[in-house]
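Below are the structure tokens for one structure; questions will follow.
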């Protein structure tokens, strides 16, 4: 059973900051947002976690392996080096969506995202070491079949981008609705999803759904692990298996557990 | 009449590089992609241009104000500091989509995105100084009405993210199909579009379309300029006007031209 | 007794890389070097360590708190994101200079800094957890008395820089020769030294020496700790004590040990 | 005759900021300082200039090619993305030291480096386009003969560092005193100097002086140009000539002027 620890990261009072005293140069906002995300990727990744840029002013991280002190350190490092501060709220749940819901709620209770006085909230509970297992996380790595041949080398870049976006938008909605799982576009033609306890047949269902709904063909590799880095790397290798065999779905129950759908 | 100069930026052979000799740590790929984008934002922004991250391995920039030497400098700076190289192709057109189409085509003719031997292509024509005008660019800055009140402070972050994504996906498709314009999500609840020659009624049409199609309420500020920075900053200020007056659309024909739809 | 764990970080084959196929733009080399150092600062700092830029192609870190796997992670992260790779060699010693000597030797045995084929060496032993104590590190934070009043607000910036450099050059040589300690300029008018087992009188001696030799007036705060972050932060606070009381030297034997020179 | 345009860059109120409300983590200060410097290197380098990190809170740039608006852009970009702001003062002179003296003075007149209320000063005059020539700048690139063989592959890294520092400290003082020129350590065993109108015999004199004073053997390549990038790249190539021929000094009067000492 998955036990996902999710952290909701939110820049404090960002909207107002971007237009006070007047609107700031867009290229500088883009630079700041991207570099803040990159820093979080390294800070959280240094402990085996993953973080997704989402909307940049609000980001979602999988933080199994980081305790409250680790979260405080991330917050302090950012506070020392950026013109903005961040609030962090962490929670766990048997599904990723449930964990995120709890985390977001705690943050909202502390104050609005645009509350002038709410700064550097740090809330929530991380999983005690004794309760952590190698099946806590299930991560899926999707990509589009032959994106380079079908789109990148054929269409103008925006039309390729539209096709990839359509595939992503459909997958993200379906995985959330049907499986309480959270999917994130990570560049190129890749989507990484943080999943609930799903089996191979359910991944096949998601792939079929996207093909039928928007005519975008996906394949997916799935892995398990104690931290996102482990599950995610196993998923990458599983995806390479798909590339080699032509399968739509390849799951790696590396912990030795048999495929529950078998 | 708009005369958009668009540059298609593509990382050479990126897909294979990310998995050779074996899959690389995701947090490192995210860090590299984000920082490369941030660097381009500063390099291109230093000359008044804008660049959008799109798919990260393929990015789209509005480069009115940058000539071929400026493009070569961007390419060289990246080649000196990253483990990957980039190809750039620039073209102009009376609509942004047309310009991008020409740029992408020239790049595709030089070789596949995953061609082992295609490296650091630099192709295309920039607009001669004598032909540049203050109406070359039209940029629109959209945001979601009361995103903080309706979504960020109410729903869990992924559900907020889904709503914003839906609004963006619909807007991007419609603006491309109906107006040959290119729209990019830039964080928070903001979308920046690089537009063809559109008038206030057409922007209202786009806003109405998104409201009807996916029930997401947008407002938009529009500006003109010689370079993206000018048009984009005018658009930001125009958006603040909407925020103050409650309008859906505010255009700033700062060059003194009357609104063509009047 | 101090037990300093030192890591010598060296970029592989950097000299030749900077001029192949021909000399690279200096501003790009400066950007790469500085950002690589900044990344190491965060990666090593995330585990309580300190790293000093030294010559940029060769850097020195205090890595008590990082084991071999942690070192491998730092090396991998850099290898994934830069156009160069790094070799790391770690060793311990009762004095910092001794530890560094052992670390450098192991690296030299693996091959020259400009050996075309030597890449990503990872050598050495880190201190087993059971042998680590709160007195392993002694860190001193020096600054120049009233640098702003005497120099920054009076002389042209290069002449101020010369004065600060003279003070640093004299301190670095003396601390190395007399106390086997390693001192690093860290910006402004600040020098941080990684020290052997020194007492207050010995710090006073170093301060007096620099005053007599080059007429630069220093003060110093000293701290102890299990990791560089702890000892270094204690040293910063001790320096603030000096600023308040006018003392030349303030040591904080926070572990409760009495000042050995008392 | 050289006509160097020098900009003194100073972070506003930095000392107090680093310890308010209490001392900040050193690794974060190092990260901020290094990345700020890297950003300036790209921003100023984008226009053909060079910037040297010096003391990090105070930096020195050669800005021939940047006008007042370009300086304002650099200042704005930093102000939008960092938790600190910068003041800039630019001046020109027939020698680099003279230019810097004028620039620093203007900054000091505006207020102390630690003045709570002095923020984002922008002062000074840049060279009018009509007065700029290809001999405005003379840049010298020094390195230590066989540093790798003599030091890096032989001594422990700190002792190598001490030797390089000694050579630099002596060169910086002599070039300033005898030739009003400003020398900066740029990593490895390299020093870049911004020079007054010097000839080959004077460079030989500087090399001889350092050999006699501290027994460090240097060689030097010298170039001229309209902007630092041009003069600096010519100097790099000239240094490669020295490496090939064994000369101590190689000057490249690329503009076609004969060597004034001939």
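Here the chain labels run A, B, C and D in written order, and each chain numbers its own residues starting at 1.
The working rule: contacts are C-beta pairs under 8 Å (C-beta built on N, C-alpha and C of every residue); 3 or more make two chains touch, one makes a residue touch a chain.
Just so we're on the same page, UniProt names per chain: A, B, C, D = GTP cyclohydrolase III.
Note that this is a predicted model, so its numbers are computed, not measured.
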Residue-number overlap at the chain B/chain C interface, same or different (half cut):
same
Is the C-beta contact count larger for C-D or for B-D?
C-D
Suppose chain centres are the mean of their C-alpha atoms. Which chain sits farthest from chain B?
C
Rounded Å distance between chain B and chain D, as computed from the means of their C-alpha atoms
37
Could you work out how far the Cα centre of chain B sits from that of chain C, in whole Å?
44
Rounded to the nearest Å, the gap separating the Cα centres of chain C and chain D is 24
Among the residues of chain D, which ones contact at least 2 other chains?
25, 28-29, 31, 35, 42, 45, 77
So how do the chains connect up here, line, ring, star, complete, or something else (other)?
complete
In the complex, chain C touches chain A at residues 39, 42-43, 45-47, 73, 77
Footprint of chain B on chain A - complex, ascending:
8, 10, 14-15, 19, 22-23, 25-31, 33-35, 37-38, 41-42, 44-45, 49-51, 53-58, 60, 97, 100-101, 103-105, 108, 112-114, 148, 152-162, 164-166, 169, 172-173, 176, 182, 186-189, 192, 229, 232-233, 236-237, 240
Enumerate the contact residues on chain B facing chain C in the complex.
24-25, 28-29, 31-32, 35, 76-77, 80-83
